[in-house]
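Two complexes are shown next, each including subunit A; its partner changes from subunit B in the first to subunit C in the second.
After this line comes the complex of A and B, so read on.
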């Protein structure tokens, strides 16, 4: 029983992650009065890309070829660390929150190194921006997780949420709200959503993430797209775990259901945010990320004191 | 734990961060209005269940003055001065926000060394009061435009009011009214002064008042 309880969220992530971008696209289309692409568009794209051959520029080296695999592998390793609401994680060790941050950083490093490897100044610029914003977003996530670690007394992601978040909502609701907002802002930034980056524009001077993967095609691009969907799933899972104080020992399998419903809700919320906001000026992005860090720090302070 | 009180206090802290992080004067004035409204609600949140008439009147008066009259006066000044943005602040906005967080940390530390929290209504009241005061002082020192310095003064006063609310239960109404009256006159006079400065010097940069004009 316990085994299924922990492995189901991972299976759900592997199978359902590409659904989230589809939901976001449908919501945006619906708000704009269009029909939008099918929900499973990303699955079709991945299938198409996987059947194609890869083309590599002659200026690139093995770094460029290895990057999509490394990034995807890092994100796949991150999945078992994450719990569903009310359950433990499949792999739970003390300090797994640092492993999660490290894996995300590894995926980012591989992508940026590959972008630099192409020798294109355009991609180098994108890599520089990605690293600059990540340097501001990472402390925010770490502070938010540190607050939860302080409240639960463990640095393991598995034990951090279950049993801690529920009482925390009752004793320190403002603090948990602050952490949720901080995590939400970082989710938008790390997954290149509006107001930080527009995932639909491929050739704009202000874009951040898309510019780094311009030279990829075929299976490599499929890896990158799937990895991006998994990253959205990872951050969404953190947010859902924080927001849903689900605790039901009798039906532990329902935690996965709650997780999936919560993630779809997160995707709908992202779609609505994207429809309502315009992209920020690039100079304002660090300010907003610093603000997220400040919110997370404030949440940590409140939890330490209360 | 008083949930409403804590939420109000956290919103107050957030408004301080926003004040520190914004360059637009109109947004800063609006943020001060929000802060004033929260300050007005504070006594009601502390009272909890039964609300006495005296407290209700005072709360309404504070809300009207701090969230209505002051912002209106200052907005008028902003419009007449023709300056929409703070230019070249002495400390940048990102760094200001970080310093704000540091101030909150320092306030919590200071609170842990002082014997006030035991008597206060919430553990948060005293630290929030200290950090709001620090924000006000910082705005007065680190911003150049006269408007921002007035906002800093108002924020500082808000902090002092929260502190008084936490420590002294039941300040005589006459004293409260006197303080409010003083503030009203101060903001009124400052508005006129800013208007004069902007007409005379074509800017409201208080740092330039030190240079002679011939």
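After this line comes the complex of A and C, so read on.
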């Protein structure tokens, strides 16, 4: 039973992650009064791309060809570290929060190196912005997770949420709110959503994540798109675990269901945010990210003082 | 111990033999490198056999004994020194083959071997006088090696700055040892030091002197200014030894003092955390601002020494809070990171040497696209970059992971969380480490991308570039392999540092069950393996998918503009600009901008340069002030010998009168 309880979230991530971008696109379309693409559009795209050949720039080396696989591998290895609400993670060890941060950084290293491999100034620009945002987002994530570590007495992601979040909502709801806002801001930044980046933009100069993968096609692009969906799932899972104090020992499997519903809700929220906001000027982005770090630090302070 | 002594003798004798070779390149390289390697093999065998009888030889030196002892702390450092110098010597044989003919090769190899011997002497010394002599020999030999290319004025300037900085540091150490000696009844042996008890005031003063004195050698900010000058100036295999091992003698000194003092007040731990955070963040930001490969690597050494100091600070705070977990994780993380840094930083400096040999420059904005032409250098540089960024499959992650865990321990453990110092110190260290890690990724992905990926920015240079010789590739490959192996076998590597950790805790009467705290490292290894296996599987899958399909080669997408040039690529400064903009009030870039004027502008120019903040705002005004103060004494400097002798006699008389009083 326990085994299923921990492996189901991983299976759900593998199968359902490409659904989230579809949900976001549908919400945005609905707000704009359009019908929008099918919910499963990303599945169709992936299927199409996996059956295609590839075109590579003559400038590129093996780094460019290996990078999508390395980035996807890092994200795949991060999945078992994450729990569903009310359950433990498949792989739970002290310090798994640092392993998660390390794996995300590895994916970033691979993506940016591949971008520089093309020799295109646009892709260099994207890489430069990506590492800047990440440098400011990483301390915010650390502070938010450290606050939860303090509340739960463990720095294993698996044991950090279950049984901690419920009481915390009762004793320190403002602190949890601050952490949630901080994690939400980081989620938007790391997944290149508005107000940090516009995934739909069609001008190379204004793109961040999309511009780094301009030169990919075929199976490589499929890896990248799937990896991006998984990354959204990873950050979304952290947020759902923080926000949903689900603790039902009688139906442990329901945790995965709660997770999926929660993630769809997160996707809807992202869609609404994207519909309501415009992109920030690039120079303002560091301020927002530093703000996220400050909020997380404040949340931590409140929880330490409990 | 006999083997270790033999190794010392081999290094010194080999150094002497090299002198006989004079300017003969081949003889000097053969003798020098073979004795260097032989000595290292002997030393490593000696460590494995592990008979540690302290040696004490008679010596006609006041307060001095020729006392050598090898304990857990020494062992770790000697091992690092032996491995890195041996591989640097292998690289050096090939590297110096390309130096101009009229160089004093015999002297260079002699100094190299003496440098190795003196560093190992520092690690083994059990008497303060002997320690200081070895320390001084180390400073002088490395100074000689830095000055290898003394024809360049920049190199001479670097050498002089280094010589001054290292002696200022040593002066403080002299005071520190004298203070310790006074407290121990005039004995200058380490055994006497550790037997003595120290009040908190004395311990605090000794600790501060050690932090500044040893910190100068280690390159901790703000005592680091010599490091980005001296390391790039030296030949690359020497830079590798200097960054890989020599700056670690400073860390060794701090560790030794922590061991001698036993229990330190909590502010000492806080001081280490603070100076570590400043060095780490300042170092990596300065590294991002550099446009020269070797200078950037030198600043990155400042950063990594900062990370080590963070770990030591956590350990000291743990000792103060009497918490075994925090102590173990902090010290083990610091020492493991030290071992790792020795591996990947020497690898990267050797890579920089290979790049310089192949292209004649280390300026980032003149390079590019070297991975195709220099696959061994390029791929090992990639391994070094991923390792130094602290990313999972390689060794850099393991050390930082332990320091992270140690830093968060006071948050988790109700027993320690009462200690505000431990709590705040730990949190500061954790946030600093997260920032350092993310910035290091930015810094090294930029460097690797600029040097090895993309199009060559100067086509002629890149076309002339060839892979370096076999001996050099061998050294690179071995170091890269070690990074990989330590990453995958992190728990085993950690066993190497455990004895030193236990010794440090033992000196403060704290019992540790070290293995329990290091269990999470097993998961680090598993993660490393998992990432590698999954990535390989995906690579195979991609191969399968693409088999039989059309795979085309074309130009990079350039928005329909079909005539891009290599100079349109992103440069080192443009890549770093967004990050440096955030810290522009601290790290000021000096810009010179001549904008295009008129309807048909003929020319325009832009240059920017980021100089060292501390050098510019602290040391330069300080030394100017000192100079102007001392200038008032210039009337004494008249060049008349009889007056000089008179003043010496007067001073002696005054001393005599004071003594007779």
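As a working rule, the second predicted complex is superposed on the first by the 304 of 306 C-alpha atoms of A that agree within 3 Å, B and C clash if a C-alpha of one lies under 4 Å from a C-alpha of the other, contacts with A are read in each partner's own complex, and residues count from 1 in each chain.
Criterion: a residue touches a chain if its C-beta (ideal position, glycine included) is under 8 Å from a C-beta of that chain, and two chains touch if they have at least 3 such contacts.
In this text, all values refer to a predicted model and were calculated from it rather than measured experimentally.
A.B. asks: Looking at the superposed three-chain arrangement on subunit A, would you call subunit B and subunit C a clash or a fit?
C.D. replies: The answer is fit.
A.B. asks: Would you check which partner chain A:286 touches, where first means subunit B only, second means subunit C only, and both and neither mean what they say?
C.D. replies: both
A.B. asks: Just subunit B (first), just subunit C (second), both, or neither: which does A:40 touch?
C.D. replies: Neither partner.
A.B. asks: Between subunit B (first) and subunit C (second), which does A:59 come into contact with in this model arrangement: first, second, both, or neither?
C.D. replies: A:59 contacts subunit C only, not subunit B.
A.B. asks: Can A:11 be said to touch subunit B (first), subunit C (second), both, or neither?
C.D. replies: The answer is neither, since A:11 touches no partner chain.
A.B. asks: Should A:305 be classified as contacting the first partner (subunit B), the second (subunit C), both, or neither?
C.D. replies: The answer is first: A:305 touches subunit B but not subunit C.
A.B. asks: Tell me which partner touches more residues of subunit A in the superposed arrangement, subunit B or subunit C.
C.D. replies: The partner that reaches more residues of subunit A in the superposed model: C.
A.B. asks: What is the value, to the nearest 10 degrees, of the angle subtended at the Cα centroid of subunit A by the Cα centroids of subunit B and subunit C?
C.D. replies: Placing subunit A at the corner, the angle measures out to 80 degrees.
A.B. asks: Examine A:261 and indicate which partner it touches, taking first as subunit B and second as subunit C; both and neither are also allowed.
C.D. replies: neither
A.B. asks: Once chain A of both complexes is superposed, is A:253 in touch with subunit B (first), subunit C (second), both, or neither?
C.D. replies: In the superposition, A:253 touches no partner, neither subunit B nor subunit C.
A.B. asks: Name the contact category of A:277: first (subunit B only), second (subunit C only), both, or neither.
C.D. replies: Neither partner.
A.B. asks: Report, in whole Å, the shortest distance between any C-alpha atom of subunit B and any C-alpha atom of subunit C after the two complexes are superposed.
C.D. replies: Superposed on chain A, the two chains' closest C-alpha atoms are separated by 8 Å.
A.B. asks: Residues of subunit A that sit at the subunit B interface in one complex and at the subunit C interface in the other, please.
C.D. replies: 286, 304
A.B. asks: Okay, in this complex, where on subunit A does subunit B touch?
C.D. replies: Residue positions touching the partner: 171-175, 177-178, 286-287, 290-291, 293-295, 297-298, 301-302, 304-306.
A.B. asks: Residues of subunit C touching subunit A in their complex?
C.D. replies: Listed in rising order, the residues of subunit C that touch subunit A are 368-369, 371-372, 382, 386, 389-393, 397, 400-401, 404-405, 408, 411-414, 423, 427, 430-431, 434-435, 437-439, 441-442, 445-446, 448-450, 453-455, 519-520, 522-524, 526-527, 530-531, 534-535, 537-539, 541-542, 545-546, 549-559, 564, 566, 568-570, 574-579, 581-582.
A.B. asks: Spell out the part of subunit B that touches subunit A in their complex, as residue ranges.
C.D. replies: 1, 3, 6-7, 9-10, 13-14, 17, 21, 93-94, 97-98, 100-101, 104-105, 108, 123-124, 127
A.B. asks: Please give the residue numbers of subunit A that touch subunit C in the complex, ascending.
C.D. replies: 50, 52-61, 63, 65-66, 68-70, 72-74, 76-77, 91, 93-96, 98-99, 101-103, 105-106, 108-109, 112-113, 115-122, 124-125, 127-129, 131-132, 134-139, 141-143, 146, 149-150, 153-155, 204, 214-215, 218-220, 223, 282-283, 286, 300, 304
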